[in-house]
Amino acid sequence: MKKVLVANRGEIAVRVLRACRELGLQTVAVYSDVDRNALHVRYADEAYPIGPASARESYLCIDRIIEAAELSGADAIHPGYGFLAEQSEFAQACRDAGLIFVGPRPETLAMAGDKAVARRIMREVGVPIIKGTDKELSDEDLVAAAHRIGTPLKIKPAAGGGGKGMRTLYRLQDLNEVLSAARREAEAAFGDGTLYLEKMMEDARHIEFQILADHHGNTIHLGERECSIQRRHQKVIEEAPSRAITPELRQRMGEMAVRVAKTADYTNAGTVEFLLDKEGNFYFLEMNCRLQVEHPITEMITGVDIVKEQLRVASGRKLRYRQEDIQQRGWALECRILAEDPYDDFMPSTGRITGLHEPTGPGVRVDSGIYEGFDISLYYDSLIAKLAVWGETRGEALLRMRRALEEYRVMGVRTNIPFHQQILNDTRFIGGQIDTTFLESGFSMAEEDNPNDVEVAAIAAVLLAHRQRQRTLSIIKPQEDQSQSNWRRRGRWEAVRR
Amino acid sequence: MKYAVTVKDQTFTIEVMPDERVRVGDHTHTVDLQSINDGFLYSLLIDNNSYEALIEEQEGKYQVLLLGELYTVQVEDALRSQITRRRRARARPSGRMGIKAPMPGLVIDVPVSEGQEVFAGDVLVILESMKMENEVRAPRDGRVNRVQVGPSDTVEKGQILVVLE
Amino acid sequence: MKKVLVANRGEIAVRVLRACRELGLQTVAVYSDVDRNALHVRYADEAYPIGPASARESYLCIDRIIEAAELSGADAIHPGYGFLAEQSEFAQACRDAGLIFVGPRPETLAMAGDKAVARRIMREVGVPIIKGTDKELSDEDLVAAAHRIGTPLKIKPAAGGGGKGMRTLYRLQDLNEVLSAARREAEAAFGDGTLYLEKMMEDARHIEFQILADHHGNTIHLGERECSIQRRHQKVIEEAPSRAITPELRQRMGEMAVRVAKTADYTNAGTVEFLLDKEGNFYFLEMNCRLQVEHPITEMITGVDIVKEQLRVASGRKLRYRQEDIQQRGWALECRILAEDPYDDFMPSTGRITGLHEPTGPGVRVDSGIYEGFDISLYYDSLIAKLAVWGETRGEALLRMRRALEEYRVMGVRTNIPFHQQILNDTRFIGGQIDTTFLESGFSMAEEDNPNDVEVAAIAAVLLAHRQRQRTLSIIKPQEDQSQSNWRRRGRWEAVRR
Amino acid sequence: MKYAVTVKDQTFTIEVMPDERVRVGDHTHTVDLQSINDGFLYSLLIDNNSYEALIEEQEGKYQVLLLGELYTVQVEDALRSQITRRRRARARPSGRMGIKAPMPGLVIDVPVSEGQEVFAGDVLVILESMKMENEVRAPRDGRVNRVQVGPSDTVEKGQILVVLE
């Protein structure tokens, strides 16, 4: 393996490019028309355009990506997460083109990728699963199954991952509407509208185990991540380890995760997701056959560079670690930084990043796909960066995360940073009393304000207003007009340059 | 210069004095507001207390993001504020209502047609943005007067999608 | 301890403020007139002006800093490094004002702070030292001593630290000139012109041990740092651990470092510097009675937050670690990012930071005192940031550092980043064959160029020139004039605002 | 449009063609230069190879920082370049020479006086900048014609400190 094409964009493409570079591998980026100046294009050794902005015509186009790999002479493709990462057709196309696919075999993807089928297979080898459906069903059969299982229940895309396209159903009469919306979204996001149902477990935690497996029969786990803080089935904050996991439970769940991976004949990095109830019972949810968004927190507590290990394993090497080599140290937290406005119902926010100051310093890691001057478009995921921190204890990590969030400044688009800040100030979160309903039950953006801060905000606004008024009254009026027409002219110049 | 400053339901009378001081009620503070890098970011010292705020002006109001909280601040000339308030009281929403796109996006579906009766909460338009579907719902009962977009249109934030009457 | 005043500026002030914040302590910054918008002022809860730009009238003014502490109600002062950090008068003034000084006792500072005296005391308790002088001497006596010791020799300020004001003497006839320059610089930097001499050891490594000591008699070390890559006696790149140190040698040197600290009745964090020759003999150089610039690499391999431990120890708590709790993991490197031009004899470079992109991602830590829009002035140290990386092995750390340096973009001032990049490409450095003369003997900024890169540079320049010419010829001429006058107008506006 | 481009002692003839291509010698390349954030930072694609360069124009030359190396590039109209070169050859240094400050700083000492004979390497001025002393030395033998600064003056980079003759 000498040259790796990264079939992705944004922070994860940058993450993979960094790993390649640190291994001395040459790198190839692919990009859609709106991503010419994206960070992954800037960081790669080579870059190939693969189509228009719409992901269906670029990042989801298997042919164009394989073509770019052939043009560039790449001998491997890393798919990142999302887009084509878990599509067995893509892994198969790589194999057919003689390219190493940095991920599991196409056969594994086909099996595990259909979450409904995966449920059945895991049940058969003794992995506990939640009540639900476990094969492709027509709408009619799904309706029948829903009545059998009862509400509340989850409707999930069989081809899904990352919480996309999931719906919760509380009233059976909403079933038809919810089914068609979920099918449409699944089709749009994964190119496959197959759905399955799962009884919703209340008061449960989302616990997942990171798996590494090589082509020589070695499979290990790197411990758990707790991902219960979710909004609309999207993980918002993750941590590792979990407060709910004792060493004994870690060992049992870890062994079960390894069994799941071995059953799926798994290779490369993957994640086994479980729900854990209050009694310590756990249930297999699904297997994510790719690098996970939240992999950095596992890297921070184990010292293992998961992406580098993916590349090594894919090139045929043995795992560098045995299970007993994996030692956890300290505590890590991750906040997903999304371009959405927590003060306006989490509406996506697009536009140019006009100012950016990312937190740094001890114990802080930022995986970012943006920079000052970059345009956030509406075409792709709203995840613009991940902020992860490490601390010797959960307490230190929490305080460090608060500090880092306070330092974070993004101008030009709205972000969910204030949302994270409020979660981190919530006493239940601080106490570790969390489950997957945390954000839906009883948590809302604070209404109560510190009276001192209200006055500070008032003073800040009045000083700015006063300054603007003074400027308008005296010298600066012409200056402002000038700068506007300047902008307009620059717009014209940009148009000419293209 | 005296201003009437409203944050949520509180109104302060703040006097900006020429020598880097402000008076809020009976208290006088030394203040120093500095723009950081000519952007929306400001460093503010009030009597040696250091704050940092992102301030954006939107439709005549100031959105102040301070310590993880967003404050919408309205600043008016203290004298004029009474007049404005009276004028505002007169303005009333008309019977016709444009439903705006809450974000930029691609129209996936418009499950209503012109002339159709709709009830508050009914889905008018389905917009896709950043890979998520978002339903634009009717804020009140009414009849669809005009449908201004169709599937696969790209819309800007604030663009009128549907007019209700 | 509830509120801490940080008597410093730049990256180290930010570092200390972060630690305070993460411990829930309130923070107070002090600033000179040119630092109103500096990062440490922005990050602190409170900020007090203490005088004009010149450090002598602000950051070195004990009275003004004590006054700010009293005005703010701070109960402790952290001095950072440099400025007043090692001045016993300052520690004494804190004590007299009833403030906790986050550092050793004034008595320890007075003793260890005179490096010449410290040499004598350490020799007396059996610590090996290099041939040289060990008390305050007149110029005449220094000349006599120099003749006795012989060249090459080092002339060092007794009150020094951080390599400032050190000179190397190769020819005795230059002695008078070098002595007067060294005295002047020492006087300017430390307010004390006392000098001492030390025989220069060739082929030696600079190895230092990090010490932590509490007020209850517990003293431990956190292992070594290798700081042999120096230019003009300024450390440029540091690493931990050192390739030259075996576990057995680490134990012996560590025990000696602890003996030095105990002899000095040391409390808080400090560093014991040694020279290590090729035969494995080591010699005490000096004790740095403060937080060290390069402390992050020790933090990265031990997991100990040294600044937080400083604050805890200063408030009277016991050390949280015993010697056996300290486990090293992996390898860390640090590059000091200086505002100086490696292509123009390392001349200091000042001006406004017009663009900044700091590296992030796995294993990367940046401690930065700057931001886009900040003005680098000529009044203070040229250290604008520290880039540290961690890897499982030295090889991984090296490759990661290269990757991070490639990502680093600073616009508006020149930096020594290209210098670091070339050191990291040097085969001797990669092989770990380094000593304190590394940069002076046989290393120079590369003259040889990759022919492909030469052509790329030519194409880049010609495209820009062509674009500018097209612009001048057609539309853009008025635009350029406009934007210039716009700048001028903005300058005027700035003047009005003040 | 043809240019003569000089980097160190190499000269390339580069033709910039209208369709995002350049010809260097016999080779034609597809190129795409994009400014990142309107600063000095550029992203450059040459036949799908991705580079990033900091480019600053200084005194008619381009300083290109690429992959940790600094290249000083001179770009001339291919036709005019010969004329320029001839003209340059005629220009010669005069006997009088202004010694410029290599950096901004504070003057600590000026150990020479007007009329004094100096030799190459002699210290003319001691400047302090960022806490380090820097000695400005005579680049050749000569006599001090004028001393234009004194101790505790603040000087800008490029300002003439001393004139030698």
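Per-chain residue numbering starts at 1, and chain names A, B, C and D are given in the order in which the chains are listed.
Definition applied: a residue touches a chain if its C-beta (ideal position, glycine included) is under 8 Å from a C-beta of that chain, and two chains touch if they have at least 3 such contacts.
Predicted, not measured: the structure shown is a model, and the values here were computed from it.
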Item to check | Between chain B and chain C, the fewest steps along chains that touch one another | outcome: 1
Checklist entry - Is the number of contacting C-beta pairs greater for A-B or for A-D? => result A-B
Checklist entry - How many angstrom between the C-alpha centroids of chain B and chain A? => result 30
Checklist outcome for this item: Distance in whole angstrom between the CA centres of chain A and chain C is 38
Next on the checklist: As a quick test, compute the distance in whole Å between the mean CA positions of chain A and chain D.
Outcome noted: 47
Checklist outcome for this item: Note: chain D sits from chain C at a C-alpha centroid distance in Å of 30
Checklist outcome for this item: Residues of chain D that touch two or more other chains sit at 37, 39, 49, 52
Next on the checklist: Using the touch definition from the top, which residues of chain A touch two or more other chains?
Outcome noted: 43, 355, 357, 371-372, 406, 467
Checklist entry - Where on chain A is chain D touching in the complex? => result 29, 36-37, 41-48, 71-72, 371-374
Item to check | Residues of chain A touching chain C in the complex | outcome: 14-15, 18-19, 21-24, 43, 296, 299, 303-305, 307, 329-330, 355, 357-358, 360-368, 371-372, 392, 396, 399-400, 402-403, 406-407, 467, 471, 475-476, 479, 482-483, 486, 489-490, 492-493, 496-497
Checklist entry - chain B touches which residues of chain A in the complex? => result 55, 164, 181, 184-185, 188-189, 232, 339-340, 343-345, 347-350, 354-355, 357, 378-382, 405-406, 409, 411, 417-418, 421-422, 425, 446, 449-450, 453-469
Checklist entry - Which part of chain B faces chain C closely enough to touch in the complex? => result 32, 34, 36-39, 43, 45, 48-50, 52
Next on the checklist: For a test of understanding, state which residues of chain B touch chain A in their complex under the given definition.
Outcome noted: 1, 3, 5, 7-8, 10, 12, 14, 16, 22, 24, 29, 31, 33, 37, 39-42, 44, 46, 49, 51-55, 57, 62, 64-71, 73, 75, 102-106, 108-109, 126, 128-135, 157
